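Chain nomenclature is as follows: A, B, C, D and E, assigned in order of appearance, with residue numbering initiated at 1 for each chain independently.
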Amino acid sequence: MTNPWWIIGGVLFVLLNTAAGLIWLERRMLALWQDRYGPNRAGPFGILIVLADTLKLFFKEDWIPPFADKVVFVFAPAVVAASVLMSFVIVPFAPGIVVSDMNIGILFFLAMSSLGVYSIVLGGWASNNKYALLGAMRGASQMISYEVFMGLALMGVVVMSGSFNLSVIVEAQKNVWFIFPQLIGFVIFLIAGIAETHRLPFDIPEAESELVAGFHSEYSGMKFGMFFIGEYLGITLISAMVVVLYFGGWLGPSFLPPVIWFVIKTFAFIMLFILLRASMPRPRYDQLMEYGWKVLFPLSLLNLMVTAAIKLWLSTH
Amino acid sequence: MSFDDFLSLGPLITLSAAAVISMLLVAIRRNHRITYAFSLLAYLMAMTAIIPAMLFIPHTIPPLLVIDEFSLFNTGLILVSGFIILLLSYNYFEEREERKEEYYLLLLLATTGAMVLVISRHFMSLFLGLEILSISLYGLIAYLRARERSDEAGIKYLILAALSSAFLLFGMALVYAFTGHMDFNGIGDALRQAGHLPVMVMAGFAMMLIGVGFKLGIVPFHMWAPDVYEGAPLPVAAFIATISKGGMLVVLIRFYQDIHGNEYTMLWWVLAIIAVASMFAGNWLALRQENIKRILAYSSIAHMGYILVAFLSGVQTGLEAISFYLVAYFITSIGAFGVLIVMSSSVQDAETVEDYRGMFWRYPWVAVVFTAMLLSLAGIPLTAGFIGKFYIVMAGVNAHMWFLLFMLVINSVIGLYYYIRIIAMMFKLPDTGAGSVIKPALPVAGNITLMLLTALLLGLGIYPTAMMQLIQQMMKMIV
Amino acid sequence: MNMHPTTAGLLLAGILFVLGLISVLIRRNIIFMLLSVEIMLNAAGLAFVVASSHWGTADGQVMFMFILAMAAAEVSVGLALILQLYHQLRTLDSDEANRMHG
Amino acid sequence: MQSAVENTIPVWPFVAYGGIVLILVSLILGLSYVLGQRHKDRATGEAYESGIVSTGSARLRFPSQFYLIAMLFVIFDIETVLIISWAIAYQEVGWAGFAGVSVFIVILLAVLIYEWRNGALDFGPDGRKILRAYKKRRKNGAANLHDYTDIQQQQAVL
Amino acid sequence: MILLILLFILLGGALLSWIAASRSVLLSRWVALGALLADLVIILQIWIAHPAAGTQWIYSYRTSWIPHFGISLHFSMDGLSLLMLVLTFFLGALAVLISWKEINTRVGFYHFNLLFVLAGITGVFLTMDLFLFYFFWEMMLIPMYFLIGIWGHENREYAANKFFIFTQAGGLLMLLSILALYFIHAANANVYTFDYFDLLHTPMQQSTARWLMLGFLVAFLVKLPAVPFHTWLPDAHTEAPTAGSVILAGLLLKTGAYGILRFVIPLFPEASQYYANLCMLLGVIGILYGGMLAYAQTDLKRLIAYTSVSHMGFVLLGAFSFNELAYQGVVVQMIAHGISTGALFIIAGTLYERIHTRNILQMGGLWAGVPMMGSAAMIFVMASLGLPGLGNFVAEFLILIGSWQASRWLTVFATIGLVVATAYSLRIMQKVFFGSYTREEQLPDLNKRELLVVVSLVIVILLLGLYPQPVLNTSQKTEQKTAYVVR
């Protein structure tokens, strides 16, 4: 058993750096797919832009609007970063490399991702700005709606593995990754995951072109940075969860250590997220909601029932 | 779940399935008449489902439910009452609300809740039944959105019901924490082993009493009743007055029986004080009301007090008396509200005493029906209410509760006054032209229903033997 | 402070309950009253869970789930009614909303 | 008390992690507060609304649609909670449990159908409704095309 | 069976006359009158067949009603019941006749109520089952309430409510006592029954018996009415229509007296003796107080009402004297008072029809205009003050002789009541018929219908005064038995 302190420190260090690094990575990849250069001045391939951005954000004016609800205004961005970071507590990066391998892992994940909605609603409300409020309302309804489907989709995996513990779930995929029996669940989870992180193309709460950044219109400096980091951490989290739940987590041929497999798979999904941003148009708000309730919700219920029925049938025969 | 269980729960399953199906029906095609007809059918089918359920009694479905004669009797009572209320509802809602179909859905659900209550022998089923009932009632009470008092009534009921639920739950939790059981028998046994009532259980019972008392509308948890009766649509008020209270009362009786409540004098005294207070508050406050709905509300508070007297007698006659009184009270209350429904115009409820001035000379039959109902509430011979009250007094005398009986007598006399006042108003000669402006709807179905109710009322008043035998037989099982 | 965990749990639940009750009684905004009632309900739920862990049975936990479900349903209906009331009265003051007397 | 949490894994790494996260977050916010510059200009204290001077309160009233979503969430999420408790134990409760959950889910689906048919799941502007309203206004002669776009915009924003 | 028929004729007549009213008002009146006359004929035949009541129970009928409680439909008739029924049907028929012209609104419903009250009273006089007794006791209230409340005078509702609530309150106390008796008997004999004869000799503790007796007594004292419970009576009598007043004074008050004779004393002999002095005192107070108040009244009907209080005081006095003479006096007093006071109310009613006031100060000198009415009034006023030769004299004389054996002082005071009676009776004649005539218009005297009513009443009161033996014979057995119970 590794010393937990090392794990804690390592996880936090890697995460924060990944989040920062993703900003650069995304800009480079987008540029690649859009046939342009992207950031290329600071450092090799412009990688130091991350550092520059961070410094800039720290020194930006820490502006709190006089018309805002000040306490809530400051509190909101902290929630998003903290809740996403906390979610990583239960992610098993490799056998034994997990901060707290609790047996209600999935529930904890769901709980933490629900907390994210508070940051949006509180931020939008505290801003006392029409755009912000509109964004917040949209964000809230979108996130809470997809929360439902996400939970239901996950239940397929729970039924397959018989546990909420993520390590157990990974171990249960020794023979076959859950992506195959749980293809529908995977798709729903992925879509819901994108919606949960209000990541493009489902960035309706912030939709620059309609709502001028939506719920964080009034945010600037590091408080804005928190939302920003939160979003990238969210991408990482969803990717990691997808890997853990459907792609066998750290499992892989033994020529590479488990952690490396995990990182590779996760990055593949991060790239997918970036690719989605580059290639998909943003749906309308009502389309998104209707799609969720009218398609994903019945589908996720169906998926769960069918999975359970087959598993039960298999276990009795 | 075995086949027997299914048949035993037949009425409950039928009705709850009907609620779901009627919801789908509304989704498919929104039509008042279809939904109404379907609900009628559902009630009839549930009533028929009682017959096969009778084959298995007494049947226990551990740990939550018990189906014995007592619960089947009350199930039947609830179903019939619900059916009658439903019959009275159609015309009332036809003109009043653009979306009337959900009313039937909610009514079915609320009835289901009450039915769960009467078969429960466990905190969990008690709670579930109670909440199904309550939550449907929130919607029902505030159903007429256009009416200004309805949402106020709804919110009042909601906040207070939720508050009382919280008390009930906390009380249950305390009892559970001490005894480790949530089924009534288990609690009774645990308490028996303990030999006395520990403070925690006492506190638990007290808190539960708040929850139960609220539903029953007994003093001091009665404040909601008049406002809710006034604001709610008339059929819903009838529902609250009868089925909702009846269901709770039945479960209270069962609980009290199973924990051997009469062995604990403290409980007895608390209930006795509540009974006296309910009688007095109900009758006294009703005296000054001008609104018949409110009068009926206060009168129902008083009636719950009367029932408590029988309840406290702790003898078998007392339980029989309660059952009989419930039947009489159900018929009477629904009948009284039925008159109000029939007399209401398509836009306005006939609710003030003044609306009934000289009614006898214009609508003699309805007035006679109303008179009969009011006299039954007052407990005058030839009506079921008389036999019911007689039964209660008998139970009280049997248990030598002279003080309570004396209070009951005093209150019966006070009560007379306001019933008589309404009757007097109906029989006033219509000398002034400026009386009521309400043009009653007088729907045919409603009139027929009222006739039947009156026939039942007089029938029970003149020849109560059959009903008594039924009740007596039933009580042999529970005691 | 060496308290039996069950007693401590019940005490906590009791405190929460009383807080909720006080809040219901003194608040005049209907939404807050509703919220306070929810606190009371959850206090009862907590008490159930504590009792459940004391006896090592799952009953209390099941009860808590039902309480959750019921609280949710109650809030949905309650908020709908409150919206309706606000629509009519333009206020959420419970004293204003007390128009029926007698 | 037969909980697995207590005797298998220690709680302290979780607490430590949480503590560090909290410290980190507050540190970042605190640092930026200390380091950030301050300035005061004519329009510094005004709300940003794409360069237009803002009018009216920002506390908008929202269509009840949002409320409906909240209710849907509350209801269905609680249902999910119940389903979750079955999902973890489906093996133990077997086909009987499956049947129970099936009934439960069928009821859920019935509710969904009901909501659907009653338009609770139609979030955007309803084209037909707008058209009907428009036609009605045209017939009354009080309308012009401008009004129509107004309605549309109003509904499209939300 | 004949007893059931008596009841059913009334109930059937009630329904029929209500239905008939939709055809023709006159038909409704005739139906009601017919029903009452039929009953009267039946009961007179019975009387003729059993003049001296040799066997104590003339008829008896019993069938199970609510076996669960031990309640049966048990009717029995003895001399006392028989006399009361004769009075009931006789006054009932007169009541229909007297309201022939007075009642013009809702005639059908009026007769329905009238016959229903009479059915209730008949039931009270016949039933031998305590539950059934309570049942009828309550049953006669509602139609009476309507009679006062619908067809009464200006202040009718107040009066009707007061009447109803007073009697109901008393009734409920009686119910408690009945039930207690029921359970005590059940505890002793292990048989649950409400039957009068079974309950008669229920052994119980004295203190219990006293309480139970009080429960009964209050109900009957309210009805009677004895002094502290009398306040409903002047209102009810004054506001009721003439027929209502006749039934109230003539019959309803008698149910109270009947209850005391039939139930209180036989069921609780020891307790009755214990309270006898108190009750007699109440009776004497009633005699004096009623008489004094009567003297002070200006409203004619109210005046007559207070005379009732006074007269019923004699009944109470006699009932608790516990000897046969007094009982005979009580029975005769019940009948004589029914006749004389009923007649006075009828005269007051006919007067009211003519001059539309009940204030005796606005009357005076009417004798000249309406001599027949005046002479009739003279006879009944004389009867009321107890002039020898008229029914009341016999009654009061017997009562006073009887009570003299029981309590001398009280008898002396009761005799003072006779003086008071003379005062108020003469005042009636003085103010109403003598003096100077102040009115412009000519008043019509009694018409044929009214004459028929009045003359029949006069004949009866004269018969009662001159030859009371049949009455005394008929009820003798009952009286002996009641007196024997206490000895």
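Observations, loosely collected:
Here is the rule we use: a contact is a pair of C-beta atoms (placed from the backbone, for glycine too) under 8 Å apart; a residue touches a chain by one contact, two chains touch by 3 or more.
Please read these numbers as outputs of a predicted model, since none were measured by experiment.
The chains that touch both chain B and chain C are D. If chain B is disregarded, contacts among the remaining chains split them into A, C, D | E. Compare each chain's C-alpha centroid with the centroid of every protein C-alpha atom shown, and the nearest one belongs to B. The pair of chains sharing the greatest count of C-beta contacts is A-D. In whole angstrom, the spacing between the mean C-alpha positions of chain D and chain E is 81.
Computed from the mean C-alpha positions, the centre of chain A lies at a distance of 33 Å from the centre of chain C. Per-chain Cα centroids separate chain C from chain E by 64 Å.
Our note on geometry: chain B versus chain D, Cα centroid distance of 40 Å, whole angstroms. Chain contacts: chain E has no residue touching two or more partner chains. Pairs of chains in mutual contact: A-D, B-C, B-D, B-E, C-D. If you check the complex, the residues on chain B that touch chain E are 361, 375, 380-382, 386, 390, 393-394, 397-398, 402, 405-406, 409-410, 412-413, 416-417, 420-421, 424, 427-429, 463-465, 468-469, 472. By the touch rule above, chain D contacts chain C in their complex via residues 1-3, 64, 67, 70-71, 74-75, 77-79, 81-82, 85. Here chain D touches chain B in the complex through residues 96, 106-107, 110-111, 113-114, 116-118, going by the rule given at the top. Contacts from chain E toward chain B in the complex involve residues 65-69, 105-106, 131, 134-136, 138-139, 141-142, 145-146, 149-150, 157, 160-161, 164-165, 168-169, 172-173, 175-176, 179-180, 182-183. Taken in their complex, chain A has these residues touching chain D: 4-5, 7-8, 11-12, 16, 57-63, 65-67, 74, 77-78, 81-82, 85-86, 89, 99-104, 107, 127-134, 137, 140-141, 144-145, 147-148, 151-152, 155, 158-159, 162-164, 210, 212, 217-218, 221-223, 225-226, 284-287, 289-290, 293-294, 297-298, 301, 304-305, 308-309, 311-312, 315-316.
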